[in-house]
Each structure stands twice: as C-alpha cells, then as structure tokens.
Amino acid sequence: MTQPLLAVEGLSVALRTDHGLARILDDVALTIPPGGSLGVVGESGCGKSTLLRAILGILPKGATTPSGRIRFQGRDLLAGADWARGRIGFVPQDPYLSLNPVFRAGDQILEIMRRHAPGSRADHRRKLVELFRAVQLPEPAAALDKYPHQFSGGQRQRLLIAAALACDPALLIADEPTTALDVTTQREILGLLKRLVAERGLGLLFVTHDFGVLATLCDRVAVLYAGQVAELGPTRAVLDTPWHPYTRLLLSCHPDRATTLAGIPGTVPAATAQPSGCRFHPRCPLAQPACAAAPPALLALGERAVACPRHEVPFG
Amino acid sequence: MLRYLLRRLALSLPALLGLVLLTFVLSRVVPGDPAAALAGDAATPAQIAEIRGQYGLDRPLAEQALIHLKQVVQGDFGRSIFSGRPVAEEILQRLPATLELTFAALLLASLIGIPLGLIAALHHNGLIDHLVRLMSVGGLAIASFWLAIMLQLVFSMELDILPLRGRLDVALGSPPRLTGFLLPDTLLAGRLDMFLSACRHLVLPAVTLALPGIATIARFTRSGVLETLQKDFVLYARAAGYGRVRLAAIYVLRNAVTVTVTQIGLLFGALISGAVAVEAVFDWPGLGTYAVQAILAADYKALLAVTLVVGVVYAVVNVLVDLAQALIDPRIAGAGR
Amino acid sequence: MRRLLRDPVATLGFGLILLAVFVALFAPWLAPYPDDAFDSHLLQRLRPPSAEFPFGTDNLGRDILSRVILGTRDALTVALAVVGAAMLIGVPVGLVAGWREGWLAELLMRVTDVFLAVPQLILALALGQLMAPGIGTAMLALALTYWPFFARTVFAETRRLRGALFVDALAGIGASPARILLLHVLPNAAPAILVRATIGMGFTILTAALLGFLGVGAAPPSPDWGLMVSEARQHLPEAWWFPTFPGLAIFLLVLGFNLLGDGLRDLADPRLRRSR
C-alpha cells in the first residue's frame, strides 16, 4: 500500500471555555491517498472547522494541545505545520473577508510565494499571472495590482484558489468555499475546482454541508457528528444507502443540504455536555438502552465504516 | 482622490464660517465701546465718532459682520492693542514655532505609541499589556505644565544636559528666516551647530507634549490590533503561511492604524492646548505664549485671531488625517478613483 | 456597581476619588495648619520636607501639605460645577437635536460643530478674557466650551435610540415627545453621559489647573494646585518639593477619574471590553 497523502489518526481537540472543557473533536481518523478526495459533512458545530484548523496548524488560542496524529506525506503536522505551508493549499470559506482590504491582492499572494515557493519575485509574478489565467480571472495581468474590493465575490474566490495553488501544493483544503456566493457562481467555482484538482493530480479535503457538491467533487465522504466520525465510505455508496441513522435522517429530510435537521428532534449537543454512550442516541429513532451505556466502535465493513451496531435495522 | 480631497475640504467650511461669526460676536460683547477703546483715553466724543465711522462701527450689525468676514478672509485681523503691529504679521511670525513643536511631538508620539500598542495587543492580558494600559491612562492624567517643570528641574537644572528654555542658543545668532521652522532653516543655512542646538532645545518641550499623545496612540493602536486580529483574513494569512513578524508588524498593523490615524486628528487639538502650557514653561516663542501674553494684556484682537488661526490649522490637520487614511485604506477614496 | 468593583483598575480609580472627596469634605480638620491657606510665615520660607512639614513649605512659609489638602476642595468644586453646568446645556441640546429633524436640529448641531472646531482650551481662553480674569470667569469659560462634548454624546445616543423599536412603540401609543425623552431616552443615554462626565471631571481639573498656572484662573493667595506650581517656578532648582506635591495631587485625582471613566466605559459598551 502506498503512503497516504494525509493521515489523521485518533485526533482529539478540546477547547477551554467559560463552561468547562469542550471536547470538539474526539478520536477522529481519516486518510486521503495521493490524488484522492475526501468530503467531510456535518451540521454546524460538529467539529468540521476545528478539524481543518488542526490540520492547518491554526487552532484558536483556547485549544488544548491536540492528541493523536496528523501526518502529511509521512511527516507529523501536529508538532508544527510551518514546514508544510505552501504544500497544502487552503481555500477559505468567505472570499469577502479572507483578503486584507488594505493591500493589493497580488501582493498578498506574492508574499506567500516569497516565503514558500522557490524563484525570484519576477518568476513569481509571471507564475501568478499564469495562475490567474488558469482560474479564469478577467485581465489576469492587471489583476495583480488591484485591491480586493475591486473584485466581485466570485472573482475573489478565484483569486484565493490561485493563492492556494501558488506554491504547487500536493493537497488542497477547501472550507465550504462557495457558501458566500450566489448559485450560478457556486457552480462555476466548483467546476473550476474540480478541473484544477484533476489536471494537477491534487489531493482534496473538502468540507461542506452540501451533499450535491460532494457527489460531484469527492470520491469518499466522512460524516461527522458531535466531533466523531459517524460514517465513512465511497460517496456514491453512502449517498445511495446511508447506514448510520444520522446520515439516513440527514439525507431523508434534506436530500441536498445538511444545513438544518428540521426532521430530527433535538439539536447537536453542546460540546461541554456530551451525552453518554453514542452521542446521537438522544435524537436517534433506533435508540435502545444499550446505546446510552457505551460508545459504539467504528465498524469497518469492506470500503465503508459506520459507528452504529444497528445500521441494518430499518426505521420503524 | 482630488475630488475626495475637495469634498472633504468643503465639509469643514461651515464650522469655520461659524467660528468667524463667533469671534465677531465675541469681539462685540467686549465690555465698553470698541471705538472708545481704539481712540484711547484722551479722545473727545468727536474723535470717537470719527473712529466709529472709519471702522464701520456705525453700520448695521449684519453689515459689520460681513465686513469682519471679508477682513478675515483677506488675512486682516487688525492691529494688536499691545504692540501696535498687525496681528496677522505677529501670528505668522510665531505659527511655525508652534507647528514645529507640535509636529515633533506628534512624530515622537507615533514612533513610541504605535509599537507600544502593538506589543501590548500581541501580549493581550499579559504583564506588558497591563503596564501599557496603566501608562495610557496615567499619561493622560499628568498636567503638562507640571511635567515640563519637573523635566526642566531634572535635565536642565540638576543634570544640566539640556537647555532650559528657548528655541536656540542666543550666542549662535539665528539663521536667515526662510520657512520659520528652525530645523530646515538651520540646515539650509548650512549651520550644523545651530541645527544641533535647535534639536537640543526641542527635546524637552517635544517630550512633554508627546506624553499624552503616546498614551492615546498606544491605546487606540492596541484596540485596533486586537480587533484586526479577530478578522478572517488574519486567520487565512496564518493558514497560508505568512511569517509571524510580518503578519503582526505590517499586515495587521496597517489595518489597525486606520483607527489610530483618526485619533491623531483629535489628538492635535489636545496637542495645541498642551502647547500653550509647554510654551509658557519653556519660553517657546510660539502661538501659545502669544495667546497668554494677549490675555494678560487684554488684547482681544490678538486672542480672537489666534482662535481663528488655530481653528483653520485644526481643520487642515483633520483634512490631512482623512487623506492619510484614504492612502492607508484604498476603500475610503475608492468612490473618487 | 458590583461589576465595576470586580475590575481592579476601576476600583483603584474609585478609591482615589473617594479619598479626594473625603479629604475635601474634612479639609480644615485634616490639614495640619488649616490657616495656611492665607497666612504667611516669612521666617520659615522654603523649608524642605521634614516631620514638621511633610511636604515642605513654600515661598511664604506656608505648609504645602496643608495647602494641597485645602486645594482639593477647590479642585473638586470647580470640576463639579463646570461639568454640571456643561451637562445642563449639552444634554438638552443633544436630546432635542437628536429627537427632532429639521432646521432646529440642524442649527443646534452646527453650533456644536463650531464650538468643536477649536481646541477647548483656546476657546476657553478667548471667552475667559472677555470678562475680568478670575476663577469665576474661568469656570464659566470652561463650562461654555465643554457642553458640546455632552451634546455630541447625547445626540448620538438619542439618534440611536430613536431608531430602536420600543421608542417607536411609545410614540405609537401617543406618549408626548417630552415624556419619551425624559423617561425613556434619557435613562438609556445615562451610561454614556456618565462616562463622558467622569472623563470630563478629570479633564476639567487639568484645564482649570492650567488656567491657574497661566495666571488666568484662580488668583493668589487661594490654594490652587496650578497656581502653586506656577509660584514655585521662581524657586527652582532649590525648592524641588514646592512644585512636586501639588503636581502629584493633580495627577492622582485626574488619574482617579480617568481610571473610573475607563472602567465605566467598559461596562457601558461591552463591545469595547478589554477581555476581548
């Protein structure tokens, strides 16, 4: 077996809050092979962003030192992620807020290249214009000297994609990169991402609550609930026959999006007060007394895995 | 950018016009008959009437106000009751001294206050942060005239390392007056000894004047940096791999100082007030000492002219501040581009 | 109040102010030589600090400690009177200008702008000199130049509150403007006014001391702190204690108001909380 591009093993992160220690991530394990793509889905508050921040090495101040391991190209990221900057490209959620308004967009990207890509400034400029062309930014040469507010939202997201690619990364991490955009622009940006990832043979970690996006972009999917992996498997299989009761409910009440769980009673538990046993049992239609007693293990079944022993029981 | 500048200038006009009106009203509520005051003690009623006609004091009040406005716009503030010289000339003579002092203080305050605020914010709630906060409140509580005297006591009288008063060593003479600002004038005259003397004379007054400025600037820089650090683009920049020092010292600071720069405009008012005290202590021949002399000599023309000139300088500084802000943050002037 | 006392820095400020108020109230009993406000003893001129005269004596042989204590009362009275008077002008102006729209509001705010177009001290000097110089004139001039700060603050608060829903609702059920302003808008603007007043106290003490120092405020022989520093100038560097202690008194009292104002501002505007 080849070495995975990214391997997350037993990752746990807690956050110190006024109400005590919040366990945001609990024993999370994921892998992405070189050139593979993984989608991470879940409601807001399930730990998606913390997972990204742990990988990128930008956990907030109140976070405890994460336990477990994150390895990128075989090397540890938790001990310090600086060596991997540039090799992991990051496309943030909100293109409006992610660029500093008082600096030229080009300069902001060139600064990243200056630190993490070989070559002179002239090389970098040349390469960046080329990238601007690749992300289909209008007037790529002039774009270098413009300020962020002179671009539209979609254009800014293209800029940020170009920034993520600027240092020739092996892995692209995208945090719901289209939620702030309108539907038409969303489709364009996703198409662009898909093409660029395929052309360049990049690994992709894509966080979203949009199942439709998953189906087109990712070959595998991980469903996160309350900081734990509920279900993991090839995208097609999971979408066609979801196993975990949570995934089933998500898909049945909202075939496209996991924004709200109107059909599921209750809410995601507060991270400071997790229920005992299976964290989903208070909301689960299949719950039994045993579910409250001990947390279920992640059962591996072929290519798929699920954290529920009753995954074959149909809803009543 | 030019259009932005003009629009901004136009905005400060109404307040300045109001100020002219206010000084006019003030000059008319001066106890006693201004014509009698002008004519002197020994004047006959006929002479007073003549002066009244000559100065337009017998015209309707609204017309007098217009005449006053016209004179002010032409830079005619009348003659000083104290010295008999035109007030405008005297003010022009002294304005550069005050401006030189104020700008030196402003520069000093920015050079110290901005890094201090940045460091405090980066060590949020740490020891340095608390010290800077205490200093920024304490710095605004010190009476500048007292600080000036204490500094004089220590550095001029006891240690004798800095001059006690004035702008320049009297023994050196003075450079030909080109700008009225001593630092450039002495350099243009090629007199390094004079330049150094002027610098040494500037130290204590500028430091005294700068202290409240340091406090204000440190405080606003600190809160600006704290606010900027919360922004998404800082998180993004960290994820994308900006260097730590560059991130804090350039990337974050430039956003943070937009707030600070606004404060510098407001600060300028405090600096001018402080200059009155500092000039009085250090015998600095600027507008502050002029104003104090005018009060003591009951020279109301001089005093009202100082008020107007300070108002104009204040307005100009605030326009400059807005301009600086537009240069720092391209979104502000974006509409005019 | 309890939340305020949880902030150690604001508590320190509050403590300093309480101390000053205590000293001011009981000044004649606290001062070792209460008559030294006016009496002079030329035989004991310029004595350095000692057990007999903890802060030393001045050029007329008066005990500086006593004069600093006696001066506390004047400093606080002046500041209170000035800030109170400025509030009496500024708050109504701000309320009316903020509540109404049209020429009156426009005019009021334009006038406010004119007063803000010149630094307060300069304007106070110009106003003050039109009347006979003295402490009364100085106070009047300070009040006449400080009200625009209140007008600005209250104007902003009133405009903000007028847009708020509950005021709309009150107007809807037919409450009169005066009633709404006094019973609903004013209490809501009170925190902002209080912060402004606290900071104004410190600011006024400084400015009044400066006027005394320049010779256009309090007149000799009154135990005014600014005046004392000014009188001390001719006796430097020999009598270092002479300007030092009155200046420290100014510093501590102003520091008290500034620290308290800082704490109050944090309470009144959680957005500016330090803990952020």
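Labels A, B and C are assigned to the chains in the order they are written; within every chain, residues are numbered from 1.
Quick note on the criterion: contacts are C-beta pairs under 8 Å (C-beta built on N, C-alpha and C of every residue); 3 or more make two chains touch, one makes a residue touch a chain.
What you see is a predicted model, and the numbers here were worked out from it, not measured in a lab.
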Closest chain to the centre of mass proxy, which here is the mean CA position: B
Among all chain pairs, the one with the most C-beta contacts: B-C
Approximate Å spacing (C-alpha centroids) for the pair chain A, chain B: 54
Distance between chain centroids, defined by C-alpha means - chain B, chain C (Å): 23
CA centroid of chain A to CA centroid of chain C, Å: 57
In chain A, residues with contacts to at least two other chains: none
Chain B-touching residues of chain C, taken from the complex the two chains share: 9, 110-111, 113-123, 125-131, 133, 202, 206-207, 209-210, 213-216, 226, 229-230, 232-233, 236-237, 240, 243-244, 246-247, 250-252, 254-255, 258-259, 262, 272, 274-276
Chain A residues touching chain B - in the complex, by the definition given at the top: 56-58, 82, 85-86, 90, 92, 94, 97-103, 108, 111-112, 115-116, 147, 149-150, 160, 163-164
Residues of chain B touching chain A in the complex: 231-233, 235-243, 246, 251, 254-255, 258, 328-331, 334
Chain B residues within the chain C interface of the complex: 12, 14-16, 18-19, 21-23, 26, 29-31, 125, 133-134, 137-138, 140-147, 149-150, 152-153, 157-158, 223, 226, 230, 269-270, 272-273, 276-277, 280-281, 291-292, 294-296, 298, 300, 303-304, 306-307, 310-311, 314-315
